[in-house]
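What follows is a set of structures for review.
Look for chain A in each of the two complexes below; its partner is chain B in the first and chain C in the second.
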Partner chain A sequence: MSADPHYTLYHPRWYRRRVSVWWWLQNRSYTRFVLRELTSVFVAFFAVVYLWQLRALTQGPEAYGQFLARLKAPLFEGVHAVAFVFVLFHAITWFNLTPKAMVVRMRGKRVPDWAIVGSNYAAWLLVSGAVAFILLRG
Partner chain B sequence: MDRITPFLWLLFSAGGTVAALLFPVHLFLTGLAFPLGWLEAPRYEFLHRLLTHPVTRLYLLVLISLPLFHWAHRFRYTLYDGLQLKHLTALIAVLCYGAALVGTVMSAYLLWTIP
Partner chain C sequence: MPSTVALTVTRYRPEMEAEPTWETYEIPFRKDWVVLDALNHVKDNVDGTLSYRWSCRMGVCGSCGMKVNGTPKLTCATFLSDYLPGPIRVEPLDYFPVVRDLVVDITDFVRKLKQVKPWIIRTEEKPLGEGEYLQTPDQLDAYKQFSMCINCMLCYSACPIYGLEPGFIGPAAIALAQRYNMDSRDQGAAERLNILSEHDGIWQCTFVGECTKVCPKHVDPAGAIQQYKLSGATHWVKSLLLPWGTR
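Take a look at the complex of A and B:
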C-alpha cells in the first residue's frame, strides 16, 4: 500500500449506469440538442473554406480561379448544401435563444422576448443584404 | 483553466453571433450560388481591391477567427457529452482551442502580408 492513495475523479466502485454513446437518439429534444451542437462543425468547415479563399486571393488570379473551379466539384457542392442547412439551423436557434441569454431592460421594463428575437432577424436580413450587395457588384 | 473560462465563453458567444449573422449569406453565395452558376462570382481584381482596404481585412479576420473559437468551445463539449470522453478533457481542450488559434494566426498572417 502506498502512503499516497490514488484518487480518481469518478469513484470506480460506485454504481453508475452505463449510458450508450447514442443516448441522444432516444428523445427528440436530445437529438435536436446534439444536432445544434454539431452545427459548430459546419461553421468551422466554412471558416476554413474562407481561409482557403483568402490564401488563394493573396497568391494571385490563377490561384483564385483554381479555388473557384475546385468548389465546383460535386463533393464540395454536396457538402456545402448540407453545411448551409446546418448553418441556417445554427442561426435560427442562436437568434431564438438570445432573449434567454440576455435580458434587456428599457426604462425599467423588460424588453419582451419577441422584440429581441425580431431585432435579431432584422439585423440578419440587413447584414445579409449588404454582404450580397457588395459581393454581387464585382 | 477556470480563470480563462469566462473569456473563452465570450469568444464562443461572439463567434456564434458572427456565424449566425454572416455565415448563411457567405456560404450560400460562395458554396452554392457561385459554383452552381446561379450567380456570377466576383472577379479577382474586384476582391483584391476590396482587400486593400483595412476595414475588409479586419472584417475577414473577425469572420474567420471568431467562428473558429465558437466551434472550439462548442465542439469540445460535444465530444465530452456526446462521446463521453470526460477523461480526455485537457487533451481535447488543447486540440480544439489550438486549432482555432492556428486558424487565427494563419488568417492574420495572410491579411498582414497582402501586397
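Take a look at the complex of A and C:
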C-alpha cells in the first residue's frame, strides 16, 4: 500500500461531465439570467455617458452643445435605444428579486413579497416623479 | 391513456464503457406511478443491473434525486402522467461525478455541509438544572423554512455556478448555515461567517435562482444566500464605520 493517504486501491472510475460553454442556452431561465448579468454592461455604458455629460457641462455652453449634437448621431441613438431596453430589464428584474433578499417582519408576520416589490416600484415612481418635476419645472 | 410509456435511462457501467450511454425500457403506464416506481419495475422485472438510490418513497429521505427530462426532481414525487406521451428521460444529477448509472458521488456535498457547522453552537452551555432553551413560535418561524431541507442536492444540480466553480459551498449548505444562524438558541454566526464570507462562500452566488425553483421542500436557498449577503454586507459596513461597535 502506498503511504499517500489519498490513494485508494481500485478507485471507482467516476464519470465527470464537463460543463458546456453553451450551458446558458440549455433552459430559458439560464438564458434570462445571463441576459440580466449582461445588462450591467449597459448600465456601465450609461454611467460613462453621464460622466461625459457632466464633463461637457463643466466646460461651458459650447462644449455642452457639441456633446448634445454628438448624442444625436444615429449610431448613438441606436445604442441608447438598446441600452434603454437593457437598463429597464435590469431595473425590473432586480426589483422583482428584492423580496428574496429583504425579509421584513411587521407585527411578527413576514410582509408578503408583493408588498415589498410594490413599495420598491412606488419609491422608484416617486423619485422619478420628483426628478422630472425639478427638471421640467423651468 | 397509453398502456405503456418509454423510459430512457442513463447507463454508465465503468467496467464496460468509458462514457454513459442510454437505454430505453418500455414499461407499463399506470396513473398512480411515479418515476421511481417505473425504475423499480425495471429493476425487478426487466433489468436487475440498473443502479439508482432510493429509500423512503415519500419525499423525506432525499435519496432519489435525479434529472427527469432535464430538470432535477425527486423521482418519488414525479408522476409519469405529467410526462406523457414520453419518452421520459432519466439522468443522474448534474455536476456530481457519476459512480454508476444513476448513482452519483456526494462526498463533496457532505464535506461542504460539515464545513458550515450545521448544528447549534453555544459559547456557554447553561447548566442542565436551568432547563431547556425556550423558543417562541415567532423565533421558530424565523428559521423553520430553512430547516425543511432534506439534503437531496437537487439545488446543486440546478446551480450552474456549482458546475462552473466546483469550490462553491452551494445552495443547501448555505441555507442550512442560515437555518442555524437564524435560530435564537445558536451563537455560532461569527464562526460560520468566516467560512461563508470566503471566496467560495456566498459571494460566488450570482443569483440564478434555479435552486429555489427545483427545491421540493420550498426551502428557498437563493433567498437564504441573498439574505446572508445583505446581513454580511451590513456587518462589514458597520465594522468599517464603527470598528468598536461590532466587537
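Basically, the second predicted complex is superposed on the first by the 116 of 138 C-alpha atoms of A that agree within 3 Å, B and C clash if a C-alpha of one lies under 4 Å from a C-alpha of the other, contacts with A are read in each partner's own complex, and residues count from 1 in each chain.
Convention: contacts are C-beta pairs under 8 Å (C-beta built on N, C-alpha and C of every residue); 3 or more make two chains touch, one makes a residue touch a chain.
Keep in mind that this is a model prediction, so the values were computed, not measured.
Of the two partner chains, chain B is the only one that A:40 touches; chain C does not reach it.
Of the two partner chains, chain B is the only one touched by A:61; chain C is not. Within the superposed three-chain model, A:29 lies in touch with chain C and out of touch with chain B [touch as defined at top].
When both complexes are overlaid on chain A, the residue A:106 reaches neither chain B nor chain C. When the two complexes are overlaid on their common chain A, residue A:91 makes contact with chain B while staying clear of chain C.
Of the two partners chain B and chain C, it is B that touches the larger number of chain A residues.
Of the two partner chains, chain B is the only one touched by A:50; chain C is not. Of the two partner chains placed by the overlay, chain B and chain C both lie in contact with A:19. In the superposition on chain A, the residues of chain A touched by chain B in one structure and by chain C in the other are 19, 24, 37, 101. Partner chain A is touched in their complex by these residues of chain C: 12, 14, 19-20, 70, 94-95, 97-100, 105, 138, 141, 160, 163-164, 206-210, 212-213, 220, 222-223, 226-227, 229-230. Remark: chain B residues 13, 15-17, 19-32, 34-36, 39-48, 50-51, 60, 63-64, 67-68, 70-72, 74-75, 77-78, 81-84, 86, 103, 106-107, 110-111, 113-115 touch chain A in the complex.
Those residues of chain A that touch chain C in the shared complex are 12-17, 19, 23-24, 26-27, 29-30, 33, 37, 97, 100-103, 108, 110. Here chain A touches chain B in the complex through residues 9-10, 19, 21, 24, 34, 37-38, 40-41, 43-44, 46-51, 53-55, 57-58, 60-61, 64-65, 68, 71-72, 76-77, 80-81, 83-84, 87-88, 90-91, 94-95, 101, 123-124, 127-128, 131-132, 134-138, going by the rule given at the top.
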